[in-house]
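Shared chain: chain A. Partners: chain B in the first complex, chain C in the second.
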Partner chain A sequence: MSLRDVTGRLSIGKPTLSWEYWDEIKGTESFIFVATTVFVLLWSWLFARAPITSAVGGYQSLAVTVLIWGIFAIGFDLLLGQTGLLSFGHAVFWGGGAYAAGLFSYYVTGDPFLVVIAGIVFALVLAAVVGYIALRRHAVYFAILTLAIGQFVYFLAVSPLQEITGGYNGFIYVQVEPVAGFINLNQPLPGVLGTLWYDHLYLFVAVFFVFAVVLATRIVKSPYGLVFRSLRENEQRAAFIGINVWRYKFMAFILSAVFAGVAGSLYTIHTVFVSVESLYWLISGEVVIMTVLGGLGSVFGPILGAILYVYVRGVVDGFPIVGPYWFLILTTLFTVVVWAFPQGLWGIVGKIGQSLRGLTRRWNDS
Partner chain B sequence: MIESALSFLFLTLSVAAVYILVATGLSITMGTLDFANMTHAALYLFGAYIALVIIGKPEVGGVLESAGFSTFGLGWGLVPAIILTPIIVFGIGLVLEKYVVRPLSDRNVVDQILITFGLLFMAQELMAILFGTGGQTISRPGWASGPLALPGIGTVSRWRFYVILITVILMGALLLFYKRTDFGLVVRGATQDAQMVQLLGIKVNRPYAFVFGIGAAYAGIAGLLGGTIFAINHELGVEILIPALLVVVAGGMGSIKGTIVAGTLFGLAWATANSVYPQGMEASIYLVAIVIIMLWPEGLFGSTGVEM
Partner chain C sequence: MSLLELDDVHSHYGPSHILRGVSLTVERGEVVTLLGRNGAGKTTTLRSIIGATPPEVSAGRIAFGGEDIVGNSPEDIVMNGIAIVPEERRVFGDFTVEENLRMPDISRQDWNTILRDMPVEDESGMNDEEIYELFPRLEERREQYAGTLSGGEQQMLSIARTLKLPNVDLLLMDEPTEGLAPQIVESVLDSIERIAETGTTILLVEQNSTAALKVADRCYILDDGSIVYQGSSEELVADDDVRLRYLAV
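And then the complex of A and B:
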């Protein structure tokens, strides 16, 4: 396509319904905010109750679970996708947040906002300790160290700290009270609102989800996020131009742990239970799979990965014939994607979009 | 007193033996070949299941059960398994080296970890589908179980004695291979400077593949030995991978001496916690590893390249 084609098309002038306009707005923060809001407003209806789309087996509780894992994956992408650090120990922050939230709700107060804050604070403290230990080494060592610390915390929770965590039985005394004393999370919404969102819990989680997307976008688009990416590309050069590498890595680690803590506490509120499995390495593995499968380095990629993963785990699991192979399907897909399409499913979607555009453009030109 | 100390020592060393055998191959791959190979644990997993099938006729679930097998195995006994398992896993290792390790050796380390982790998960799921998710145990014949009388000292578990003996022989053989053979010389040279070795007209691919195969075979035999000490299930891969990785990192990547020392320390921690504070048994080895890596970030015998 020559330059004249471009200018020619622009002179025809399709101000609001052209690809050029779309390219201009699609990366802006306000567009991402609006798109995410529209998405969460429609998501639970589309997934669980819409006439055609819900026929594939989605249900309300899973719609909430998807949003919660989405928050976790968005935060994880800040670390892996932006900064290039592979942590295999993020179950510590998910599970730690979940336990802190559960214990706080029982011993202090069950107000959901305060419960989430308790989860965040605990995840933050844990992240500072784990980050201090694990960030002494990089690459392979970092992955192994985070894995080791994760398993250490898990086994600590299983047996020596049984009195607090409930061991294999989990913590069963979670108390969820109404928000600010009067909005009961489990109370169904009336009429069309109920059809759209079902109950207050969904809206509560949705608010955090939108906030997580907006915050992650802000970080990614800020100079701070640019430093994260410079570390991913070449740590040594970043150090040469005077960037304090360790500090930025530490902050990326803490930020992603805070997202994990929010997600973990929301999961406690959602399930009214904390299982010790929430600290198990499998959780860390799952968030790695979703983030990478969906597409690293983009905000929507991890969300796509979370949707796919939670859907396959929660719904395909029960399908006849393929049901027992759900994890094999996911891991095979994951391996193939990392091997052959490192930009993930979101990247593939983008590429298909590009080639379709190329086709239509050629069609219009001829 | 002496007897309990002795049985404690044997418990320590037999657990350490399994860690050391798995970690050796991993240490060589990560130190010498510079490749983060999580599929190494799949070789341990395969070793355990291959040994299970060769030794006895275990009751199986999963696809094999629905295909009409209530028991599936050759039932040849322990000695053929000790000979055949490492040979088969050696073959699997060569295939893995050719089709996974070599094509991925140019990719960055995060990709290597992710892909090989994905393959490990696939291997585990495959075993779950084939054999079912129930636990299995390898039964031992009479000559390999019961107590063994050591004159003047006391009695120890006969099988643990054999496990330690096999490990000592295998590690000794590896040491001789490195120090005394031309192949070992090439590998040591290529670790220092692969390009220079190639310039001298020596193919490094073949020694690399051979060394990888040896590491695989050791993981396979570790699967057999581990299968007689711990239970066998499809999640064995990741279960052994985490301690094995920690042995490698704590010992220093590529250092076989470090692997042996760190493996023994882990066994010691495990056995100590087992008798003093059983609730902390699993957590103990992770604590030891974290402390070692905090104090010696390069590992106990950290260096670049294979050392004895």
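And then the complex of A and C:
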């Protein structure tokens, strides 16, 4: 029996294997929920412990870092990819969320969920202020304003506020308590569960990751998503059909900041420390690179960007000989991908999908 | 009271003084055309009315339904009953025809629609059936990306989109026939006439005076930022001298 007989037999009476069925389900929220859940359930195992795939040098802590940066990048894409606004100051929401989470854990309570909520609330308030100022200006002036405000907050944290932030030493008193008083995040999981996910922390972060992907998909598919993309195309055209341009730009800004705040808080819980560098403009630059590298305007592209970026930064930098050149490798990769595929890594995935489609069609026709 | 009244309006693009005292009125139910050469200030006049910046309106009064609207934002002016079909058929090229037509429905929804499904259409503007009756071509192409439509179809879509807005009392149109083939121009004029029949007041800016005068009741000629002629369409059609001097036709 040839391969063709097998696929032929499988597709009889089972539309599940056709491209049409794939087109139908691929954009639905339930499919995205299931696919993302499957991804996170396998991710840390594949990256850090699976027999063949983990040979590239991934490790557990980095698997968690990838998910956290993924949340940041997904949110950032709502602003840059959907709405077309380039912010160079999103470190302020990542770092602000991280600090709010850290301080909250020390002074109030270390319950991880409440700590994340504290980070969200702070990022949201901060975004309302920063957005109110920066969104008054367009294009490059907006980018520079966000950069300037971000650096202002960084220097504020370094020196005048060092009593609170710890200055260059960072905030070292982060207290992470068990979730709901009894699920200790750092406690390794037993047996096969441990092989898959290692500890509770991974699952904790994974829950936020899945939620972030589903929420971003929902936003992109809601009327808001359509409005965001209309602003990207032409703000004035949108105003001419009665869209309140400022309000929607403000909402896009706040939404992306909330994702950044969640990610920053999770990073605090993950590292049990807040570095003042989390507010530095380099973080803002990194999230821009991840998002563009992965592919603007797609929910999944930025995740691919986060994976590649964090991998090169965290693993390739330890390789013999090439290690010290990791940033050179990354920027070369970035240049090549963006030059050859403006749609980023997600665009490459799309191209592969199309060729697969072409292949199967030709094969079915013959 | 006139529906729209411009009284000695001055507008600037930065340091350049474009409108130098434009006064005109549009009565409810009329089709009025504003003619003039390239650079006379026709588009600047429409942009001043709709509140788009630039230009800056530095002096004069623009009243809609008796109320001064200078300084209001475009989205406020649009929601209060003035719609504009901008020049060069500004549709959203990355959106399908259907999505383009949905945008006006979204614009009047509450801000908290973030997690909802796409809106059902509102009854206060034209509904989809009326739109597709007016522009059958658009119905055939609902799923197509607007950027891939022909020039004439994009113009139809641009007009259709404004008609979906609620309570459009006054429709501003900026050179809707520009760059279109003669028979397409005819069908655009035809749709303008049918819109006028529904009672919508229209201020039509055109370089193509022959086409505009076919559908307009009255006309103004703008030259170098001020009104130099006004009269009925019949009068201008009969007045070769004025047409030659200001419109070069």
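Simple rule for what comes next: the second predicted complex is superposed on the first by the 347 of 366 C-alpha atoms of A that agree within 3 Å, B and C clash if a C-alpha of one lies under 4 Å from a C-alpha of the other, contacts with A are read in each partner's own complex, and residues count from 1 in each chain.
By our rule, contacts are C-beta pairs under 8 Å (C-beta built on N, C-alpha and C of every residue); 3 or more make two chains touch, one makes a residue touch a chain.
Computed from a predicted structure; not experimentally measured.
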First, second, both or neither for A:A139, with chain B first and chain C second: first
Under the stated touch criterion, which partner chain does A:F33 make contact with: chain B (first), chain C (second), both, or neither? neither
Looking at the overlay, does A:T335 come into contact with chain B only (first), chain C only (second), both, or neither? first
Quick check for you: in the superposed arrangement, does A:S159 touch first (chain B), second (chain C), both or neither? first
Considering only the touch criterion stated at the top, classify A:W19 as touching first (chain B), second (chain C), both, or neither. neither
More residues of chain A are touched by which chain, chain B or chain C? B
Looking at A:L86, would you say it contacts chain B, chain C, both, or neither? Reply first, second, both or neither. first
Under the contact definition given at the top, report the residues of chain A touching chain B in one complex and chain C in the other. none
Which stretch or stretches of chain A touch chain B in the complex? 80, 84, 86, 133, 136-137, 139-141, 143-145, 147-149, 151-152, 155-156, 158-160, 162, 281, 285, 288-289, 292, 324-325, 327-328, 331-332, 334-335, 338-339, 342
Chain A - residues contacting chain C, complex: 218-219, 222-224, 226-227, 229-230, 233-234, 236-245, 247, 251
With touch defined as at the start, can you tell me which chain C residues reach chain A in the complex? 50, 52, 73-75, 78-79, 83-84, 86, 90, 92-95, 99, 102-104, 106-109, 111, 113-119, 161-162, 165
Of chain B, residues touching chain A in the complex: 30, 36, 104, 109-111, 113-115, 117-119, 121-122, 125-126, 129, 238, 242, 245-246, 249, 279-283, 286-287, 289-290, 293-294, 297
